[in-house]
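The two complexes that follow have subunit A in common; it is paired with subunit B in the first and with subunit C in the second.
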Partner chain A sequence: MSRVFYPREDYSSADTAYRLLPFRFLRLNGNDELLVNEVGEFVIAPVGTARTIVQRQLVRGSDLYSTLKAKQFIVDGGSSPLLDLLAAKYRTKYSFIEGFTKLHIFVVTLRCDHSCQYCQVSRQTADKETFDMSLETANKSVAMMMKSPAPHITLELQGGEPLLAFDVIQHLVPLAKKQARSLHKELDIVVTTNLANVTDEMLFYLRDEGIKISTSLDGPAFIHNANRPRPGNNSYELTIKNIERARKIVGEDRVAALMTTTKLSLQHPTEIIDEYVKQGFHTIFLRPLSPYGFATKTRHKTGYQLDNFLDFYKRGLAHILQINRNGYDLAEAYAKILLTKMLTPYGTGYVDLQSPAGAGINVLVYNYDGDVYATDESRMLAEMGDYTFRLGNVHTETHREIFTSDSFVNLLSASCNQSLPGCADCALQPYCGSDPIFNHATQGDIFGHRPTSNFCHRNMQIIKHLFELISENDAETMRILFAWIQNTTLRELKKVTPS
Partner chain B sequence: MKLTTGGKASLSFKDAVVGKVAREYLPEKDRSQRILVTDEVPEDLRQLIGYSGFLTRAKLERELDSIPTISSVQAIEHLRSNDIVAMEPGNGFIRTLYRPDSDHNVIFATERCNSNCLMCSQPPHDRDDTDPLVRRNLELIRLIENQPKRLVITGGEPTLLGEGLFAIVAALRDKFPGTYLHMLTNGRVFAWPAFTARLASLRHPDFMLGIPLYSDDSSIHDYVVQARGAFDQTVLGLHQLARHGVRVEIRVVLHAITIPRLPQLAEYIYRNLTFAEHIALMGLENIGYAPRNMEQLWVDPYNYQEELESAVEFLAMRGMNVSIYNHQLCVLRKSLWKFARKSISDWKNIYLEPCEACAVKDDCGGFFQWATKLHSSFIRPL
Partner chain C sequence: MSNTVEGFRSEVGSESSAVIYLDSRIYGKEAVLKASYWFTDVAYISFPECPDHNLAVEIKLKSTQPSLENPKPISIENLIAEFCNSLLDFELRHQIDVETAPVRQLILAKAFSESGILEDEPPGSVADPVEVSKPTSLVQILNSPKI
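So, the complex of A and B:
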């Protein structure tokens, strides 16, 4: 072999102009620009960088040049485009599409003991005949669910208050398990319940069947009880007591809680978060109120301006980070989803922020009466008389007919933010999603109008906020965020990082 | 510890002889595949009948033509019974190929290479040694008795053996399926899908490739390995390997050319080579080509702790399995100690004079034996 070594210049790119690969950009603040490539890798650089790149004025040999080349924003004569690599990363990012519908929501009854202002669909009635899922509908719905090619599916038992139709649950669970087994599918089952009427027998059943519990906790008593009225005005007390019982019987890690943000909640982010800590939860989801169902009708009571929510969210997130710094692990679910998209090569299974939209593709709703909807929100629209996103009925349509229905094809045409006006050239597109149903409900058009879209405004603001948090590059904050992303605790993460 | 020695080869053999060392006279029936090692020539030459070869410290008055012999071997103490050695004709080299009591045995595949790295610790030679080395290695595998815990295939560039490499891996898979097999390769050949598919089809049960990547900037990597296009080939090769389910480790040698973009390289690895099972960040060895390129390469490890810590933090936080090789605890930031491995093979591992007073010597990987000439200026007992 030659003992002669050649200098670095001999390996630098030929002195031809570089070429561009697809990327998008936006201004983050007065100083910084965010540049994002096709698979969500990003560079934060001084304002004007995008212009410099496009005008072919990048300085060859500069650090920025190397970084942009390594992140596949540009290619030059000295490097092959390695497009296979970009394609592999793209596949990884979008692997959530593999297997098609994974989440199957069964509305086993519409009946409920609560009368929450923001609830879209439930009925306070004893009429079991009319509002519970019949066994025949249950059978047909399970059969349809099993048609999904996904090797791992989740059955979510919902309502109304599903425990009021416990007989339906006891019919569904063994049926779904048996069919999943014979088709070699993995099956997770979750029940979404307010726990108000749960009995020990029910809890033993859920434990024995390995069913997880998702319940509602809106904050401390004065918020929870105001948001969630029921006879006796004791929803909070019941919920807390029953969370404890459920944990004892079903298991500490099998009980999760979700909160809904109302106008009243907006003034109390810290009280709500502290309540979650007090109750021993390690995840909180600062969710905005959805614009569907009865929630639109009672808007004067529960509705609020989006900016108030964003303020609530940012204050809440800061408080949550402080709680983590003080040694208690608490993840904010929405930030965790977005950060996974921003900071890892992966996508997420979260159906409400995907492109193509999760509707139908990753989630399907089977209503008590056999109607099949693209999403839970589609069902709520139907309760208000708008059947745009009803894809069919388990008694009259086949799985194939559902997914070739005009409703579904229409929905699909607006499902990809890669091709939606205002999204296609947005730097945040790889992190965001599309929601044709939201667009339809709020703007009367599945494609929507981005400049006036609350979905767009909310996600852009939150994603930008997270980018600013990341760019502060505080070591402890980054560890907290990665503990969320990695589903671990800060203490465990510190064991495996330099500290 | 010595692995090579030599003496005067007799003219009685033309092909290398591979055999197991016998330090004592054996009954005649047990002598085949054995190489007798003695200080003196036995008085009764019938004592040599049946051995494959004979090594002796003694100077021979007259050449023995009955048996391949290397005489006047100066250093002979390190040859222990059951070591597997190769006697080379002509030059009289005696190489220790295998030591049954060590976990650091290697299969040396070839001296050829298609790269020419600035800091290569084992500079390549451009002569075709592949056929004799494949034969020697297959013979070696046949002679190993007990299943080794781990073996490393190294070179040169082992993939240049082509079919010969597949034969070696298949032989190891068949005889020692429980041995962890690691192969050091530049990975460039794996950009060729058919080659990768062939290796993967061998289905060795515990096999990992250690593949170096020196920068996220292709021109810097190509400069370090002195081969244009090498970066693209290696990255494509890594992806081919991942696609075929072959496990890979990324190895980065830290020096003045690789350090400035080490944090960016960490990000590149995470985003593009997420499937890597392990990332080894390795100190420079002052041997082979390194001394002659030291002017471009040298940076005191003490002075790159910032970049090193940042890269380790980046990878570890993201769940990547990262280790630091060839670094002494006294130059590493304490936060990085838990990533430091005692990685240097027993036969080339030493400690320096200040280490004798050090309280953490037992936890420290120490030095390569050739570090006596050049090492960090911050070596001190802790």
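So, the complex of A and C:
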């Protein structure tokens, strides 16, 4: 691992023959400094190492010198022209941009039987005609989705509760499949559903069409039912029963669950995680609440909540690691995304933590009424009366007009953390992302203000926490983390890398 | 109260305000601005004119009294000390930026040259990252003030 206590001799006399390659640094804690190069490779070393490097105080042939040279922080006369290698690594890191928009979210209806406190968009008592996607809108939306140059696209069916508009789904699925086939595109389909109204007929359809299911499970009954009210207050019971039905019919590995952290959840990380284990899931995503619709205009109101979330996250992650040590494979999805960026040459397809931001570039949302938004959060803002990120409508704008709209061009200007104030110099920039829509929603400005940004604070704290875990260099912890990013089990990984 | 380290002198005016005077031969404007940015959550920062072409940073704390929203407000003395450390880091970052900017530009040009937007692979090397030997190169063109 990169945590090395370099000997005093490494710093003692000057050798000015080396040149610097681009890198950034920050202090991890009192004693350690994190050095990160342009492609996200890192070295954890004692505070002051960056200055030593810049002042040409490194000793040629020392361990530190060799490490920095091997990881392309410095280059000397003995180095072959390795810029092509750095360029290839850079290209690999940013390969998620290739193909442009890959995730296409279709809001097939706003109707829902739940009235969750964190949802801004559902219409519990709305009528079908007004809030379901019309077949004409569905046709136009599919046509626009197919304009995306991506060779592999994902269609996510969402709501409201999409299974309440099952007729729209049955129209969309064959249409999208037919057009994808004719354009030689690969197509994945996912339905995001609370499963409360699912029938066997629907499950057989999802199985036959190869559609994956993503459902919501916020924890044990007392949390889930409080977070996700519905008539009868039985959301948890319905969800658990129907997860089992779905697994039997559609397939064990075709059903995933997501949780949202509310104020109630913050007190119960272990109970929530244990519920996921109890229900046989092997991934949990400790997701913070989106700020949309909540009082986030002032820093300290949300800062209090954010610090509570960070405490929840760290306690949760420790519990998850212990569960893995005890023999049950359970990955935390956000850590997995970050660790993939930190410990592998690859980026990730996770649209909420990318630079350029995923909005529009990697995800597009087609609302029930044909409006096109850059992200699901943009749609939520629109439901609150803020149409800043409405890019157009499938009935009136073309694909080209959507992506040359003032809204999109404006969004793009704040999409790269490589050039945002505060981010450009940050050592964590290669692992982080930018979120102009979050900035707009919480700070009234797409560029945002990093010193008071919850996005910045949350990601900095979590990434630093992961680096501190890595710097402890515990063999079992490292095996668990590598099992997550390699999508394998701890048992399988131990076969390959025995202790 | 006054505090002096090399090229750095501070004068505390009250429990919520201070002025830091910086030797512009040691500290660049860019590093000062970037360091200041990270303190704009707790302080109002301005840059009054300095007659001797040095740099002055005027700091006014937004709050000095504990409140529910901010139970542990930073003191002006601690802020000055933190500012000093942060400034040193940003000065170092600026040095790295200046020294490596041409190489970074070349890495990016090479990285995306296979995307099809460039006709030729940028041929630069570590020894000549700005391709001085080749005035019509991509790096030279990108650096042209006409763009």
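The criterion applied here is as follows: the second predicted complex is superposed on the first by the 466 of 499 C-alpha atoms of A that agree within 3 Å, B and C clash if a C-alpha of one lies under 4 Å from a C-alpha of the other, contacts with A are read in each partner's own complex, and residues count from 1 in each chain.
As a working rule, a residue touches a chain if its C-beta (ideal position, glycine included) is under 8 Å from a C-beta of that chain, and two chains touch if they have at least 3 such contacts.
Computed from a predicted structure; not experimentally measured.
Contact with subunit B, but none with subunit C, is seen for A:486 once the two complexes are overlaid on the shared chain. By the touch criterion defined above, A:84 lies against subunit B and subunit C together after alignment on the C-alpha atoms of chain A. Look at A:497: by the touch rule set out above, it reaches subunit B but stays clear of subunit C. Of the two partner chains placed around the shared chain by superposition, neither subunit B nor subunit C is touched by A:241. Contacts of A:478 after superposition: subunit B is touched, whereas subunit C is not reached. Once the two complexes are laid over each other on the shared chain, residue contacts for A:278 go to neither subunit B nor subunit C. Looking at the shared chain after the overlay, A:41 reaches subunit B, while subunit C stays out of its contact range. Annotation: subunit A residues 79, 82, 84, 88 touch subunit B in one complex and subunit C in the other. The part of subunit A that touches subunit C in the complex is made up of residues 19-27, 38, 50-51, 54, 75, 79, 81-84, 86-88, 90-91, 94, 98, 298-301, 303-304, 421-422, 425, 449-452. Those residues of subunit C lying in contact with subunit A across their complex are 34, 37-41, 68-70, 89-90, 92-93, 95-97, 99-101, 103-104, 106-108, 110-115, 124-127, 129. Within the complex formed with subunit A, the subunit B residues making contact are 112-113, 116, 118, 123-126, 216-220, 222-223, 226, 228-229, 231-232, 235-236, 239, 261, 264, 268, 270-272, 274, 289, 292-293, 309, 312-313, 316-319, 333, 335-336, 338-339. Subunit A meets subunit B in the complex at residues 1-3, 5-8, 10-13, 41, 63, 66-67, 69-71, 78-80, 82, 84-85, 88-89, 92, 343-345, 475, 478-479, 482, 486, 493, 496-499.
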